[in-house]
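The same subunit A turns up in both complexes below, where it pairs with subunit B and then with subunit C.
Then we have the complex of A and B:
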């Protein structure tokens, strides 16, 4: 017979399995790879997790709500390009300035959120009002939004963001770059929202059983549309950060991030069936992926290994999820 | 239902507007340009240059974008063959995979000209290239000079950031570069690919390597847009222009900007305008299946050599190293000042 303390311990381990996995992987890399164990590398891992991490927040929310959003990568590319075109001083940048200069931070951020939110609203409207399949709607958006990026840029790039915006990509606080702190703040905010507010609880309930949630008097349609708007707006923030990090935007910026975001969400324990998942796990998933990317960079392995390891990790994550489920059933 | 019909009508109307294009008066016919992607500035500008130069000699250009997908480009070739254009200009996504499509087009009597990417495994009617391996050679020469200036000898640590490892273009540059650097035992080269030619991937590589190998002397990136992300990473690590030397290839506007700002020392340019002008100069001969004679031709002021290779007539146009001393010359496509003089066909 298992004591309640043992049961609680097992529950804790199961809930935070991905964090233990991350600690294990970091320990192995630190021991095995020369130059890995140093503060600069850990800061790099956290910094590199920023874009995929922020993107994964919105993706996770939509998936927890029982839907799918494949457009987040293209939305991020679009907001990066909009930021680049408006505020960059070289290439196709128009070099708009604001007075006082610091206004560029909130204005560009709000613009990115608005552009991303608008794409999310279109997706949400098509899914909820026209009852179209979210996979197809957002796949279409993935394609047309990237096309829009090429169209508005003409395939050219914008570069040279002003220092009043670039400082976010350069300055550090406690060794960690400011952009990474923004990502951490986003995770903290949305973890709170998903765990402690009626909105978060309702989204989880919808993903678990939309019909029962509707019968409980909750406005399912409205919340689903809002989850898409949120995913778009958060992807907009990811694009804004990406533009700041690379000091501009190219038409192919962010290519491949969608699959990393998906991998992080799955590794982080979010069920693709909806109704299950916590954002801290997703952040651990993103950190795990970044650690592997960094390790491969330092080892000088061909990049193809990253993709093989990534694919393997997703499989392991799904297997672990099955194991977790069966252990929980035994505990119940 | 009304909403759905309205949405469908809206989508159809937008599609119709997008497809409507002005009808051009045809003189000598249409030439299809198979551009591999529109996600980089070289390719985008190649569309403008080929459209302008081929119009100078009487052809209308229709461009099809393969989005870097081999199968898409193969389908485009098949579709185009059925339209029987005057010629096809191909910048192949994959050098080997397009070989059957080229043979099929030529068997159907449609001449095929290769632009920028040389295909040697089969016959083509004309090839206009700078030579990707040669770009690697030029870069190696410049990097040897820079290392010698800094370290007193050709020695030091070089970080080479490739493009996508599945793209033969970047692999050829790497081949040329490493071939010329092989004899310098004192140079350590760390090579890593930026997947999908994506800028932030290049930035990540530079960030990691600057921590693991703080003694890197020089970074060589295979495209100028990757250099922008590399500079962002250098800046984030507190580096100033010149602390770590930077060399890039393709000559895009962003690379030239970085030279002007002092971050980059050399940009090895692909002579885009001359490569496109050569296609236009020889288009009549190719379309009319006339003989192309080997020899030296002046293409936009550049002495270029036509040779008859086993894969057909081939013009090689010299690439150039752009430094702060010659950066403002209008012949560099990165300055985006396309020649206004009318291209004349070769007699």
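Then we have the complex of A and C:
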């Protein structure tokens, strides 16, 4: 029989396994790869994690609720394009200006959230009201929303955001770019919401046993739709950040991010069965992927090694999940 | 609400599914704190009856009186609001969250800061601890996820939750189907403790020994009718079996029916 302190310690390690893994990997890289251990590299890892990270928040919430959202990448591309078309000064940009000038920040952000949320609402409605499978509904959205991006842009790109918006993509605070701080703030906000509010608690319980929550009087349908709206809105923010960082938008912006986000969610300890997972773990998962990416770049290995390692890592993550489960069962 | 009225009174309940008469005039009463075992062969109409009591089905004719008032529950939610609930094995717990979260499912204690509801964990833990220990249930840690608890402990959580939130009548459909010997014994004890708090318990079971261990009264349903309604200490397993299968003794069963609760 182990003491409760030992048990608490083991629980803590299991709960935050991916953070320990991240620390371990960073330590190895710092020792083994010349020039890895410097602030610039770490800041770069954090910056790289911004877009996939923000996108992964919404994806994780929907998966925790027991569903699936494959559309986040295309939604991000759509809001990036909408931001680009409205506010860029070159290419297909219309170059709208607002007065006072700073209004462009809240207006463009709210617009991105609204557009993303609207796509999420369509997904949620189809899944809940028409009882369609979320995988199919959002796979369709993944395709049609990307199609919409190509359609509204005519395949061309928008460039040149005004400085009043662009500064977000350029400025740094304490070595870390502002956009990365925004991603960190998003993680902090939604970690809080998932852990401390009835909404987060109910979403987690719905993912665990939707029948039980329904019987307990929780409005399951409403909450599931809302989780899709949230995923869309958060993907909208990711797209907004993407447009700001690249100072514009192209029709194929963000391609491939979905699978990185997915990998991060799984590595971060979110179970695809629903009901299990925490957002800090997901952020650690994103950072882990970026670290490996950066290490491979620094070592001068061809980029396609990243994909092989990423795939292997996803498998290891799922394997670790099984190990964790059996350790927990022994603890209880 | 009067204390003299029975907790639940069924009067001539019938239920047809098309041309099939599942229930053909069922009447029985039960009081607060009473444990009634509902017995009967497969297809006798037990499940239909339980669904009618808990609001899952409506009776074709007849009256359901709850606490002295006529109630026809249109949905399980309505019945639940009145204090009637069916506890199904594993259907009403979320095993991926801890005991406290399950205990407060849909009724979380929150405090609003700037209009945002924030969960009050400490209060919820204290309330759960109190309710669980009052009921004499032992659970190693309230913060452990329910998936790591035994079937008996899960059942204890469900029943304690039911009592804590003001339940008055609980319907248990084969509650020990998946439990071992020791867990079943504890479950039966818990049912007695719950009844001692003034809660009505209807337990559906196939196992005669369990019915005799826990029930105050045994009601036998056969072909959609009450074939016997006897106090436990005035009957024997053999007699009950005869009621279930319908071999003679119909007269004796009616005779043995108690005159009062």
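Going forward, the second predicted complex is superposed on the first by the 332 of 332 C-alpha atoms of A that agree within 3 Å, B and C clash if a C-alpha of one lies under 4 Å from a C-alpha of the other, contacts with A are read in each partner's own complex, and residues count from 1 in each chain.
The definition used in the following text is that contacts are C-beta pairs under 8 Å (C-beta built on N, C-alpha and C of every residue); 3 or more make two chains touch, one makes a residue touch a chain.
All figures in this text were calculated on a predicted structure; none of them were measured in a lab.
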{"item": "Subunit A as common anchor, with subunit B and subunit C clashing or fitting", "value": "fit"}
{"item": "Touched partner set for A:239, first subunit B, second subunit C, both or neither", "value": "neither"}
{"item": "First (subunit B), second (subunit C), both or neither touched by A:58", "value": "neither"}
{"item": "Partner chain in contact with A:253 - subunit B first, subunit C second, else both or neither", "value": "first"}
{"item": "Partner chain(s) touched by A:198 [first = subunit B, second = subunit C, both, neither]", "value": "second"}
{"item": "Partner chain(s) touched by A:298 [first = subunit B, second = subunit C, both, neither]", "value": "first"}
{"item": "First, second, both or neither for A:211, with subunit B first and subunit C second", "value": "second"}
{"item": "First (subunit B), second (subunit C), both or neither touched by A:285", "value": "neither"}
{"item": "Touched partner set for A:275, first subunit B, second subunit C, both or neither", "value": "second"}
{"item": "Superposition-derived comparison: subunit B or subunit C, residues of subunit A touched", "value": "B"}
{"item": "Superposed model, angle subtended at subunit A by subunit C and subunit B (C-alpha, nearest 10 degrees)", "value": "140"}
{"item": "Touched partner set for A:116, first subunit B, second subunit C, both or neither", "value": "neither"}
{"item": "Subunit B and subunit C, minimum CA distance [Å, superposed model]", "value": "23"}
{"item": "Subunit B and subunit C contact sites that coincide on subunit A, given as residue numbers", "value": "none"}
{"item": "Interface residues, subunit C side, partner subunit A - complex", "value": "76-77, 80, 91-97, 101, 105-108, 110, 116-119, 140, 144-145, 148-149"}
{"item": "Complex contacts: residues of subunit B adjacent to subunit A", "value": "3-4, 7, 37-41, 43-44, 165, 190-193, 195-201, 203-205, 207-209, 211-213, 225, 228-229, 231-232, 235-236, 252-254, 257"}
{"item": "Contacting residues of subunit A [partner subunit B, same complex]", "value": "34-36, 38, 40-41, 44, 47-48, 51, 90-91, 126, 129-130, 150, 154-157, 159-160, 166, 169-170, 177, 242, 245-248, 250-256, 293-294, 297-298, 300, 302-304, 306"}
{"item": "Subunit A residues within the subunit C interface of the complex", "value": "196-198, 201-202, 204-205, 207-209, 211-213, 215-218, 275-276, 328-329, 331-332"}
